[in-house]
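Chain lettering (A, B, C, D and E) follows the sequence in which the chains are written, and residue indices restart at 1 in each chain.
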Amino acid sequence: MTRALALIRRRLVGSVFVLLIVVIGTFLLLEAAPGDAVDAYIVSTGGDAGMIELLRHSWGLDQSELTRLANYLWALLHLDLGQSVTFSRPIRDVILERLPTTLILMGSATALSFGLGSALGIYAGARPGSFRDRFLSIGSLALYAVPGFWLGLVLIVIFAVGLRWLPIGGIESIASARTGLDRAADIASHLVLPVSALGFIYLALYLRMMRAGMAEAWRQDFVLAARARGLSRRRIVLAHVARNALLPLVTMLGLQSAQMLGGSVVIESVFAVPGLGRLAQEAVAARDTPLLLGIILVSAVLVIFINLLVDIAYALLDPRVGASEAGA
Amino acid sequence: MTALLSIRDLTVTYRRDGGEVAALKDISLDIAAGERLAIIGESGSGKSTLALAVAGLLPASARVDGRIDWFLRPPPPLGAKAPPSVLPDISPSRGEIAPSSRPSPISRIAGGEPAAKLPISPLEGEMSGRTEGGAKDRRPSAIATDYGPLGGRDIGFVFQDPSASLDPVMPVGKQIAEVLYTHLGLGWPQAFAKARTLLERVRLPDPDTALHAFPHQLSGGQKQRVAIAAAIAAGPKLLIADEATSALDTIVQAEIVALIRQLVSEDGMTLLFISHDIALAAELAERIAVFRHGRLVEIGAARQIISAPRHAYTRSLLDAHLGLDAEPLSRQAEASP
Amino acid sequence: MLAGSRVSEGYWRTGRVAERTEFDHVRFHEAVETPDDLTAVFKFAKPTPFQLIRNALPALSSVVPKHIYESGKIEDNPANNAPVGTGPFKFAEYKAGQYYRLQKNTDYWGKDEPYLDEIIYQVLPDRSSAASALEAEEIHLAAFSAVPLADLDRISKVPGLKVITKGYEGLTYQLVVEINHRREELADLKVRQAIAHAIDKDFVVKTVFLGYAATATGPVPKNDPQFYAADVPTYAFDIAKANALLDEAGYIRGADGKRFSLKLLPAPYFNETRQFGDYLRQALAAIGIDAELVNNDSAAHIKAVYTDHAFDLAVGPPVFRGDPAISTTILVQSGIPDGVPFSNQGGYKNDDLDALIAKASETLDTSARTELYKEFQQKVAADLPLINVAEWSFISVARDTVQNIANNPRWAVSNWADTYLES
Amino acid sequence: MNPLRRFLRTPEALAGAVILAALLTMALAAPLLFPGDPQAIAGPALLPPFQDWSLPLGTDRLGRDVLAELFHGARTSLAVGLAAAAAALVIGAVIGTLAGFAGGLVDEVLMRITDAFQTVPSFLLALAFVSVVGPSLGVVVVAIALGAWTGPARVARAEVLSIRERDFVAGARVIGMHPLEIAFREILPNALPPVLALSSVIVAAAILTEAALSFLGLGDPNRVTWGGMIAEGRTVLRTAPFLSIVPGLALVLTVLGVYLAGEGVVETTAVRRSLS
Amino acid sequence: MSSPLLSVSGLTKWYRRGGKTIAAVDNVSFHIETGETLALAGPSGSGKSTIARLVLRLVEPDAGRIQFDGEDFLALGGAALRSRRARLQMVFQDPLAAFNPRATVARVLDDPLRIHGIASRLKRPRRIAALLERVGLTPDLAPRAIHEISGGQRQRVAIARAIATKPSLIVLDEAVSALDVSVRGQILHLLLDLQREERIAYLFISHDLGVVRAIAHRVAIFDAGRIAETGDARTVVDAPQSAIGQALVAATPRLNRA
């Protein structure tokens, strides 16, 4: 466990710098935007020049960029992300409200893509070059080429509009008084399509990685040695080939978390899922700069956190990790 | 003497980028039960291909012609007595050096007669099976499959690079235990207990810790000891060591060679020792077969090959050897003109 | 029920934050007096037509409770997110991005009203899902054109659903081409006329709005029975004439067939404004004007058009709210400071029109005021400070079971006290 | 064997090459087959496909020729995909090699910046960037490149670091080669192929990102894009699903073609490497 | 008597692993005379290869002095160091890894000639052909890619590259241990010929005492970063005094041809 602890410590120190770069970079980018939150606010409310001045002043938008950056960073230290312009509420609350939905969506999509993807990858990679291997390989490549938002639309056309098996969007039935398992089932039925749209593409990715990793592992000497020791094919495939091929997948799990968060922006928009991704889009549309900053920051923290978990998982799965730096 | 296996007209061809490359050409040789046979040759001589062919480990793309006939006795019933790697089988022909160019009668029966007749053959209970590209896939179905030469159970194989031939993410104890689990039908706890005994046998320091160590935590020599433990775990008749010491340091090499020698003698195993080092081969083996460009150049008793080689190539190999007693080359060079 | 004094105080306080620019005329009141709990007396600094007050108040103001808003900053008041009002329904719950829930106000003054126990406004950010939600009986009503126009034809044939075009008469959107008169070419009336002639209004109504709109002749929509003037100069779709006008104005086609280039900024609020932008680009190409589309989000659009004036043509959807003084004349009137959205920011100045607008806003006599605005329409149509293309309103789709809907000109934003569901 | 022939020998690579060739032909032939503005109104609105042979794939909401839009959309998709991938590869290769060669603080700073870019979901970054700067083709290209350069940077750095330790670089130092020559002649030519091997994945991702941005209304409105077509079609998904499905299929085929061809190239070079 | 060609004193190199600092090379001193072969032998990990890299300044030492050709080799830097490298060359163990994978034989040999201005562009092809012949290869090999020629040929090209700049010392780091015995003999003879004709000194690093005895004048046996014993090659191999020397000799397989 000391290996894992050392890893966490090192990661956390690095993360502080990374987050600082993220905050400053995003802040400067959003500063460069024409039009600010007041402009966006005025669209929905109307108002004259005097009132715009007043709003700019009360929202602190008339201060210099540097002052505002400093203020923002200072507030961040107190876990204060500021006030959302469009929601007139603390950004932290707005984000925390949306975060669970996105986490459920991402978690389910990851479980689907990683679980099914690696299982199919093992199935394909167990017999390299066989028909099923080639079929799954090409099939997954085709799946990987599908844009998520389009897959979402196609799924809606087929399953929600055509067959009417599943709800068309949202996260749960409107204001239903369902509780407990009933409610969970309801949410689950709403999640089927978005999770599929988001997950199937990454499923293809994991399948392909697993398959490639296994093809690589088959060429390793230790697999030849395992064959020489007369182990059953099943044992060789599962305990040696797949086990070793699993490692890069775990790494990919971390790398993909950022991509999946990005993908959920579009998927949440297609399926009207009230998550972080949709919030980001709303923030962009409403030019709610502090909110967008907050979302990007929270996403970054989330990605760092997921990567930390993945690193720990990797360290547990691969005894070689950090071996040379144990105790460092 | 009793032949353990007999190789006849073995030709192995690899497909490579459209063309075909013959790695072995018309090899015929017998390996006697209990003998220590070294195969020597330089790179590209086909010596490793022979090892893989005997173990049934050739890649699927390799084309194999000819025959390898095995003469195995049925393994003792499971659990009937102590595991074979601890209690050595009796090897009647040990110490004998009798190169046989005559095919034994069994191989003729095995090759020419329906497999079903085997049980009434002179060597009752023995059987033959042809191995090419995967021993267990090709076991004749008509006869008791338990008798087929099976990697791990009947053949132990030690590879050149111990770092590559052990699974990097599995504790070494488990890699040994899974051989015992597979071939001896032991439960996992017994398999681990036996694995620990094996680690002791290959003289790994602190076997209790080593049982749970990962390969990267061991030195090269220790890893090779683990690989040997896994190879002999199920008590194979034949131990193939394919350049098993050439990735190791001189001192470690000597230790591993000593270990192999001891284990082979204790368990009465047959040893097929593949090496490029003629001196090493001569120290360990009773017989030496010299390979060159995929052909068997000559085969004979180690002493005879070293002191009275029949073939010019063997002589040149001997001449090129620089032993501790070799004259300094500079002097030779100065003397030669 | 709220006391009158509370009425006035609340009014004053919100007035500072959320008042709209179009509100200018109504705002110039001196005081609100509340002689008793049920009366509020508005005193104005200038003569203000009652008609205007009547039209403006429901559209642009809300009465808020004094006891809740009297302390602290109005914009930070928690009631902003949990409003307290006087209507038939009480605010119950808001789930961000999902729904708003209103509950029956059992203390409502109307007898037996409201009929509904609960109203849930579901957020359906994806327009294509509205129709399906209706069909699946997940929702009973989709107002404000939540169902895309393209789906209306099909959905009108679905049993159990009805398409309703009424209920928005007090809220007419106008498809307008805003013109930056600072551009030399566009300051030329002939060029503006040419552009007007290049736009096939019938096509726009038929294709962009799929028939759910009407062609426009001027700044007041045809559906206004009082102010609309039909006898204004019109611009028939005539490419040849448009080209002739441009030639006349001296903008000859270059070797590539182009006369000059423009930046065209369609407002992002409606699909239709964007689509019309796409169409206008094609229409202008036909008369040799090369328009480059610039799509912005709303903040950037507002800033580009109304603050920075970084546009040549813009497509806007101003609203006609039953009286030209409320939101319409400001689109033509000069002297409006930079940065005021939905106002004349194209640099157009016409003293005649300015005088006319000022006079009309203070004319108390209804028919005289109406005449002034008819004159206003003629002048605007003649001088084209902007080009009115079409007028449309929202469409509702409801299940047959929903009764008493669309029964007033602002029904969608009215109190729905008498609405009920037929079982 | 000739690398091109070896490349075309695998059926996957052949399929990829055929798809890409068709796409390229579409892109190049677009102005010839469909001269003028593809967004010009060509017929009645919402004409279904295969009804009118002058408009084989029908028309969209405004009566624009879907086939013409599809052809011209190929230009945008390819242009954006290639430009963004090229930009990402160049930025990534420069930053990665710089970090690899410089080491120390420079490496540390560059890598933390890379981390930061990898930490922010690249689509979110592209979304923010395009909405800030305003959608145009160039901006979209930059926005996509911003999120895509980190992969090449990491690979380039890792390659440089590993090659630096190889014997042949030590050999070059031993014969007295100048460090700059070592960098540019010994290390870079060997470090870049693995970076370039990423190009198919990056091109594909760029095409998909562009489509997603257009889908959210952040594409260049003056250009036909497949993503934009899907977004337009989405409003009439119920009545005219073909308007979303046709450009979607084109996208899938294109990206698939890029992947297949990319795999073929990697496999071909891998064979060559294993032979050596 | 003049100072030795190369003299190394107190050479030390540390490296870190897991927070611990270990000496790869610990206070090592030796010298080589012109035309002499000094072998460094020892088990793997004893530090002999690190010495090679330190002497060539591929790795910078933590302490110690290196005197080469009468000057302080460690004080050199930049262009001065690069120009002096002509006199001090190296041959690596794996000839495939020692060359740029994209290189041809001609390019490999052209580089040192160009860098050190040994021959003009026009004369270089002739020089390359001469070098190839000098190491027993035919000049028609020049246009071939490095990966197309055999291992033995590659090692000859490596030697040709090393002698292109007429060095006075060549470091041979396990230069023959990856070769088949027959090829090894030829390469060793080539090295001896070169030494005799050009008076080149060799720092010969090997784990094989048989080869060391056959080629070296003197040997230093390494153990754990230190020199365990040093002396005349034959004397040391025949009768090692150090424990490690004895262990190495005992472990070396013997061919009793008697």
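Criterion: a contact is a pair of C-beta atoms (placed from the backbone, for glycine too) under 8 Å apart; a residue touches a chain by one contact, two chains touch by 3 or more.
Bear in mind that the values here come from a model prediction, so they are computed numbers and not experimental data.
Novice: Moving only between chains that touch, what is the shortest number of steps from chain B to chain E?
Specialist: Counted as steps through touching chains, the separation is 1.
Novice: Based on the averaged CA atom positions, which chain is farthest from chain E?
Specialist: C
Novice: Name whichever of A-B and A-C has more C-beta pairs touching across its two chains.
Specialist: Comparing A-C with A-B, the pair joined by more C-beta contacts is A-C.
Novice: Centre to centre, by mean C-alpha position, how many angstrom separate chain D and chain E?
Specialist: Each chain reduced to its C-alpha mean, chain D and chain E end up 49 Å apart.
Novice: For chain A and chain E, let me know how many angstrom lie between their CA-based centres, rounded off.
Specialist: Using C-alpha averages as centres, the distance is 54 Å.
Novice: Based only on mean CA positions, could you tell me how far chain C sits from chain E in angstrom?
Specialist: 87
Novice: Counting only residues that touch at least two other chains, what does the list for chain A look like?
Specialist: If we look for residues of chain A contacting two or more partner chains, we find 33-34, 156, 161, 269, 284-285, 287.
Novice: Which chain D residues sit where two or more other chains touch them?
Specialist: Answer for chain D, listing residues that touch two or more other chains: 131, 134, 234, 237-238.
Novice: Any idea which chain C residues touch chain A in the complex?
Specialist: It is residues 17-23, 75-76, 80-81, 93, 95-99, 101, 118, 120, 122-126, 128-129, 132-133, 136, 138-139, 269, 296-304, 307-308, 337-342 of chain C that touch chain A.
Novice: Could you pull out which chain A residues touch chain C in their complex?
Specialist: Going through chain A, the ones touching chain C are 33-37, 39-40, 42-43, 45-49, 51-52, 58, 87-89, 94, 97-98, 156, 160-161, 164, 167-175, 269-272, 274, 278-279, 282, 284-287.
Novice: Considering only the defined contacts, which chain E positions touch chain B in the complex?
Specialist: Residues 43-45, 151, 180-182, 184-185, 188-189, 192-193, 196, 207-211, 213-215, 233-234, 237-238, 247-258.
Novice: In the complex, go through chain E and note every residue touching chain D.
Specialist: 53, 56, 58, 81-86, 88-90, 92, 94, 97-103, 111-112, 115-116, 145, 147, 161, 164-165
Novice: Help me check something: in the complex, which residues belonging to chain D touch chain C?
Specialist: 37, 39-41, 45-46, 61-63, 131, 134-135, 217-218, 221-222, 234-240
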